[in-house]
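Going by the order they are written in, the chains are A, B and C; count residues from 1 in each one.
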């Protein structure tokens, strides 16, 4: 839905034109519409916040703005002039620069080199470095933001906040290329900073506003509201609105981000009859690791427990730790009364734990191998007699599960990478079911990248398994999914399990209830 | 290979480092080890602690130093180079046939040396091109180029050993200046050149940066492919020079002139603190590594260990040094190829 | 988190690019085609080549190479590489020559067991210390050469008692060399064991995607160590074949077999990135390499070109079979 705002460029007075304008930007990836007609206006000397959930299209939009992604349709206007951005250098020529989320500095070079990297100018003559010139060039940039970093310090010896300053100084080099005030994009700049450092960064951002436009992207809504003048919200690859930061509350923004479609009935199956068990199937006490501390968790047989939390809450690592794929430093995990060995994935598999990784294509399945091989990769015993593989036994078993889960595949010998995402995911799930001894399923974003139909099939399957008494830990793709699927929801924040919210079929919490706990 | 996500998390929880400019404590390890090893052998063997033996050690390190100068830049990029034996063989025979010799009437003198070095550079360039155009990993391309170099050498060898009668070339190994052979001074010069390249040229700095974060260079609009080819070419030139030096030492061109130097050089670089994952170390580190390896082999011979153990000791050193560098960064579910 | 309505076709096309598929198809026949073309070319060049005698000789020459390549193929299938096979093979010839007077008929078993143990040690070092396999085996190469030089005093050791290796010099049915039959048996037995047990799917999964294999609970570490063990054992067996031909053990006897063995593996179409390939391919690859070796002089090409050819073949074959989707940055 491209809202085409075609105005003849001649009628626009460049002096009042916005610094940057995006009209009806569309970008398709195979199977995904990442941008679906985004409109965005960045005014001069303002800090524009950009908010949106994972998958809302933020990163694709940003990449399009710096020439890393070529949009399929739509226009980008810079100061009243329509532009085509084919590369980062193109974008820089138009005064657009970005500080990337993963820090884009070469760690083993000096700060000065990083600042001038790729556009050394007089810093390098005939391939020979002129260190003094280089340092002067870098110092000029650092002076712009009033930073006192030693330009000749090695970048990996700087604090994260200082590195961020170096990145901003680097991006400001685009001023050399254009006579106009630049547009600086900051993608999740606070994700690696501590609170004191964040304050310093905000001071810098406000200082930048004096001579530049800033696009500020963060998943922490309080930050966005704190530092920005205006916040634009993306959802599902579209612009869904914008608010002045002065009179908005995080909860309101969040509602815009997640939409008002609280009632996705298709996975609101009736809660499974929980077998009357006094003891939980899974008991986790004081589990600590690299990114999480002191996590307690109980999961009963037949129960689905959702874990929700923002990016960086540590919930993914807890999930992996329970499967022995992430080291733990303390804590105890008991499954059906037996202490679990967390030293490796083999032990977890043997104990009847299954894990569905979020990265299906790289971690969940072995792409070039057949459906049958993928399905029986774990529970080899189910297709063997002794150590010997029985092809007929395997064929029967695999065919039965292909039928039971209605996996659409030409045959069991087809390479799994040829199936659609939903069918791939069903094969990954079937891997844990073939032997019939799975007791606990750890589901890390089991519906990521699946279409609506495939999702509801996965939901039905999970419900059915819960009905058969399988305990599940679910890291859902969205809050609605977590609410709809879970019987109970644990909220994690900063590596700790902070709250627990009951979510029975007849008393589901709303997304907003959860957001309050998460932020 | 580790996933970038993991690496990020690691970074978040890393200890906050102090800003620093140049040398760190970690860099002090190899020189200290050199002094310690030297001290131990000096205490154990009276033959070791003589001035003439120190001269011996330095002279013996000359060729390895030059090879290591070349390989260091490749290792700094995070690539690997196994082509030294082939390139050295080719240039060793080539120079023997180009200067005054018993096989033909050539007498190009210094020009012959230059041509042999250029041959090495050309072969190195081929490895680099195969790496960036065919996208074949460097350990495979350089293994292939090494075979090509040996083949070229065998062709030129043609069954009759070319003996060098050129006095300039032969003199390099024999004549001394301040007690050290001219070859040793050439090696010093190579270290100096290598250090200047590493410190003051874009090529050297980018080689370092490619090892640190290749993807960042691309994001900054730098095309890395030409620099990779250039680094392999430069490494080839160093191997070519090393081949010439071996011919000078032996007084004849041999196909096997570079045998074992690839591994010795990797050992020296790794011991000196140049990581195989790239982005760390440098020429001076490698020079210390070369001395460490040479002192170790010389010292072991002096205390009565068979010289045949030389390669074995280097093998152990490499595995131990790589393991020591890798172990602190081990992770669950890490992919090691 | 309202993810955009994701529409994926029911059966998506293969994510591999067309060129890669074509490459795969080509490479799956490449070794056989190369073999046939080579045979034809050699026959044209020298009509006397296609005789029983020269074919028998070629088969006999190829046997150690087939065994070496077959063993190392397992490591490559797991996604690693074994550069130590030739040096280990040389060391094994020395072991054999040294142990024969004491152990007699048991020497063969002892040598294969010893090399298998050495291979296993390399595998353990690779898995436990997380050192890339090519570094471990490069280190191994250096160490094994040194040991061989030291215990043999850097010279060949004559084997006087030839009865123990006599059986390898026999001919089955008077035509097929026993050594070649043994090499074939190795390929057949290892292939069969792989196919009839879960090992094959574990090895392929490890090679294609180590992290997926690990997260599916496949015994990745055990499989890798096993591959190195078999590779070591094969080096030992190849050594015995070499001794049976040369009647001596020498610390450098097999050193020039490393490149041909690597060439055989990649010419066969086994991807250096792991997962894709088989022992049969390496068998065909080894035959191609052997034919090149014996054939070049026949067509009048100096044997010096052999090395150049190996180099070019290795680079070209790797370029054709490489799974580029797996490595974004080629180091």
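Keep in mind that, in the parts below, contacts are C-beta pairs under 8 Å (C-beta built on N, C-alpha and C of every residue); 3 or more make two chains touch, one makes a residue touch a chain.
Each chain and its UniProt protein: A = Sugar ABC transporter ATP-binding protein.
Since this is a predicted model, take the numbers as computed values, not measurements.
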| item | value |
| --- | --- |
| Identity of the chain that, by mean CA position, is farthest from chain C | A |
| Chain pair with the higher count of C-beta pairs in contact (A-B, B-C) | B-C |
| Gap in Å, rounded to a whole number, between the CA centres of chain B and chain A | 43 |
| For chain B paired with chain C, centre-to-centre distance based on mean C-alpha positions, whole Å | 29 |
| Sequence positions of chain A contacting 2 or more other chains | 325, 345 |
| Shared-contact residues (touching 2 or more other chains) in chain C | 211, 214-215 |
| Sequence positions of chain B contacting 2 or more other chains | 333 |
| Chain A-facing residues of chain C, complex | 1-16, 195-198, 201-202, 204-205, 208-209, 211-219, 275-276 |
| Chain B-touching residues of chain A, taken from the complex the two chains share | 87-89, 92, 100, 102, 104-110, 113, 117-120, 124, 127-129, 131, 149-150, 152-154, 156-160, 162, 170, 192, 290-291, 320, 324-327, 344-345 |
| Chain B to chain A touching residues, read off their complex | 4, 8-9, 11-13, 16-21, 199-203, 205, 208-209, 211-213, 216-217, 219-222, 279-280, 331-333 |
| Touching residues (chain side chain C, partner chain B) in the complex | 79-81, 125-127, 129-136, 138-143, 145-147, 149-150, 154, 210-211, 214-215, 259, 262, 272, 274, 302-316, 318-319, 322, 324, 327, 329-331 |
| Of all residues in chain A, those that touch chain C in their complex | 30-34, 36, 53-57, 235-237, 258-259, 261, 323, 325, 345-346, 348-350, 355, 357, 362-369, 373, 376-378, 380, 383-384, 387-389, 408, 410, 415, 417-422, 431, 448-452, 454, 477-480 |
